[in-house]
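First, the structure itself, so that you have it in front of you.
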Amino acid sequence: MSGYLEGILVLLAVNVVFAYGAFLPVAAGQLNLGLAGFAAIGAYASAYLSNTYAIDPILAILLGGIAAGAVALIVAVPVLRTRGIYLALATFAVGQIVQAALLNLEVVGGAAGYPVTAFIRLPTIAAFAAGVVVLVALLFATRFGIAVTAVHDDERVADLMGLNTRAFQVAAFTLGSVIAGIGGGLYAHHFSFIEAQYFNIGLSITIVLYVLLGGTQTVLGPLLGAAVFTLLPELLRGSANWRYVHFAAAVIILMALRPQGLLTAAQIRRLLGLDRAALSRERAA
Amino acid sequence: MTNPQPILRLDRITKRFGGMTAIDDLSFTVRRGSRTALIGPNGAGKTTVFNLVTGAVPVDAGQIFVDGRDLTQMPSRKRVRHGLARSFQNVRLMPHLTAIENVMVGQHCHNGGLFGVLQPVNLWPGNRWRAAARAALCESGLEQYAAATVKNLPYGVQKRLEVVRAMMAQPRLLLLDEPAAGLNSAETEALQVLLGRICSSSDVTLLVVEHDMHFVGALCDAVVVLDFGRKIAEGSPAEVRADPRVQEIYLGTTIAEPVERCHVARSA
Amino acid sequence: MLGQQFINGVMLGSVYAMVAVALTLSIGVLNFLNFSIPGLFMIAGMATWALIHAGVAWPLAILGALAITAAVSLVVERFTWRWLRGAEPFVPLVSSMAFLLLFEHLAIAWWGSEMRVLPSLFAGTDWRVAGFVIGVPQLVGLAVSIASIFGLSLLLKRTSMGRSLRTIAEDSDTALLLGVDVNRLVPVVFALAGLFAALAGVLFALNYRQVQPFMGEAVGLKGISAMIVGGMGSTWGAIAGGLVIGITEVLSVGYVGANFVDIAVFGLLLLILFVRPTGLFAGLPAGRGGI
């Protein structure tokens, strides 16, 4: 496989992982604009572990995810007390603080960046990405998926039905951060060099955009969003700058035409013939 | 089983919103096993009573007992486990879930621990919680809609689904907020059949806010009348109908009202 | 030295205050965090440079930059607001972020990514008062920002349009019932927000004489900070917040590293969001409606 193709596929797999990190809180009705910060924690923690203690990178990446999740859990309890714009701004501030803190942390290179010795290739990264997709899909096939959607749709009613809405929001936020941290670890161990500047607000925004474009109502939405918007620019070629222009324009137009995203749950059910069967039976009755 | 204790007892409840007293020193009881209607003109505080009983808003004074237990200070989330469930004036199903998933939301209070949350209800068709939800839909004649997205379903079906969802919590007291509002006569009839079946097959007590007096007459065996947050009458439907105060403040205005509300509910 | 830095901080703070007013206007009236505003700030700055560079007289260049930016803000209104009714609540926010991305990269495509330097239009006009250097553009900038914010608050308090805007801020459903033409007024909000962002961009360009396509991000972050410190939805709070952030930044950069400043600023923001989400200066109970 050519290096170019491998590079793109690695980026695709990492973006898919990031997208699921953003998807979990969004599915519970929350926007995490600090996602890049949690990805950075995963990247730096796993790199530090594999550099310093020569831990197997796979284990280091998983531990990095747990580190990101632990920070998220500590932050989630006060942050998720806020709502709407306040929540978006609070998560945003968290991301900025993490980035600024890493820039000052000399043990991981500070502003100069941090080289990573251990190296993983596409198969490992693809396996991680596939694992994340399957695990999230399985999770959403359980009562957890129903509960999270219920909290998203109508928090009041969910509460009256006995759902601990805060616990589900904290769980979704924390799990999403674990996944983002794993994505950061994968990135660090393939590209061999990380710098805090990479994990900026722009990264958080781009990932959230993948999810909203793909559609937030189904577990396949983030996969589709990340795939289309990682691969499409490659097909279009052009300079990196024009790719951003195309991406941003596509986001704006798609959001205006189809604010629910490319893929919706109802659409999938229609594809599988479930809705139609119900309606035809209703007409027959 | 003859338990003399009332299923619901409100003891001198008061609730103020800003300067307005919505519920004013209100006390009444709901007899176990009854089908009690809560009626009164618009703004009498009927929905507020529901919101206070379920804990959606806190009371300013007084106590609420469900099945003899004081729930006044209990968070709303925990009350469902003490036998309380409700439906809403404007249907509040989860629009992004299918009908059967909505019904499964109602099971949450019995299946909410870590083990329950990880039940593969959408993965394994034979999962017992899914099977229970399907059976409930079957019994209510709604099985054909199981996999449909609820926002596309007819309003009458949505109203019945909400009742089925509430019943999945196995409540001892079911609060129905204007169940017949916005329904045409066929839909109202289907709802009556469903409620009749629920009452005969379980020992749930119904407390119903309703404007449609025919519906109340056909379903309920006791009536509490509110006006300006106070109780002005209670008794059997016949007694209440005969009460001059009720005739004065309520029955005189009720003829046109349900029709008007119907349009509001439809367009909402 | 300290006094001079204080003066510099006030000047910088007045730029932040204008950006914060633009942000707070759309949050106060529409409950919408409009991330395109840093982009609009940048467009105004770059357009000022481009027009002056093309030989346009500077007063015309300023007017042109203001007009262009306000017009672009109306385009943003269509895509982030008018056509997005009924979407997930954070879709407009996300769409406005895409606009920021779009503006930055279109600016690169158009003008290149390098730093552009404006000619010194007001050389030799600095005033020296008691040992402090005060630039005329700085002073004019401060005066303009205070005057324009004062004008905005008069507009909101005294005119019928202002009353309608405040009705929308209270409750857009009620506003509709009262016969307020929301569809006509929302573009006004966007145009005003665009104008304030543009004024800030023009003042920045003339004062600091350096513009580049990413100039909006740092200022936008500080504008958001200023808005939160002052209380979301409050115009006078935005001025106070802008000055606090500007002075803090200028004073602290001299003594501790810029990244520590970031940690302190955003840490303070988080604390305010948790403890006193209405901001330090706002006397009103909620961010919404307290224009």
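In this document, chain identifiers A, B and C correspond to the written order of the chains, with residue numbering beginning at 1 in each.
Keep in mind that, in the parts below, a residue touches a chain if its C-beta (ideal position, glycine included) is under 8 Å from a C-beta of that chain, and two chains touch if they have at least 3 such contacts.
In this text the structure is predicted, and so the values were computed from the model without any measurement.
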item: Between chain A and chain B, the fewest steps along chains that touch one another; value: 1
item: Chain closest to the middle [Cα centroid of all protein chains]; value: A
item: Gap in Å, rounded to a whole number, between the CA centres of chain B and chain A; value: 40
item: Gap in Å, rounded to a whole number, between the CA centres of chain C and chain B; value: 50
item: Chain A and chain C: spacing of chain centres that average the CA atoms, whole Å; value: 30
item: Of all residues in chain A, the ones touching two or more other chains; value: none
item: Contact footprint of chain C on chain A as seen in their complex; value: 31, 78-79, 81-82, 84-86, 88-90, 92-94, 96-97, 99-101, 103-104, 111, 201-202, 205, 208-209, 212, 216, 241-242, 244-245, 247-249, 251-253, 255-256, 259-260
item: Footprint of chain B on chain A - complex, ascending; value: 138, 140-147, 149-150, 152-154, 156-165, 217, 265-266, 269, 274-275, 277-279, 281-282, 285
item: Footprint of chain A on chain C - complex, ascending; value: 27, 31, 33, 78-79, 83-84, 86-91, 93-95, 97-99, 101-102, 104-106, 108-109, 113, 217, 221, 224, 228, 232, 257, 259-260, 262-263, 266-267, 269-270, 273-274, 277
item: Chain A-touching residues of chain B, taken from the complex the two chains share; value: 54-56, 76-81, 85-86, 88, 92, 94-98, 101, 104-106, 108-109, 111-112, 116-123, 129, 144-149, 152, 165, 169
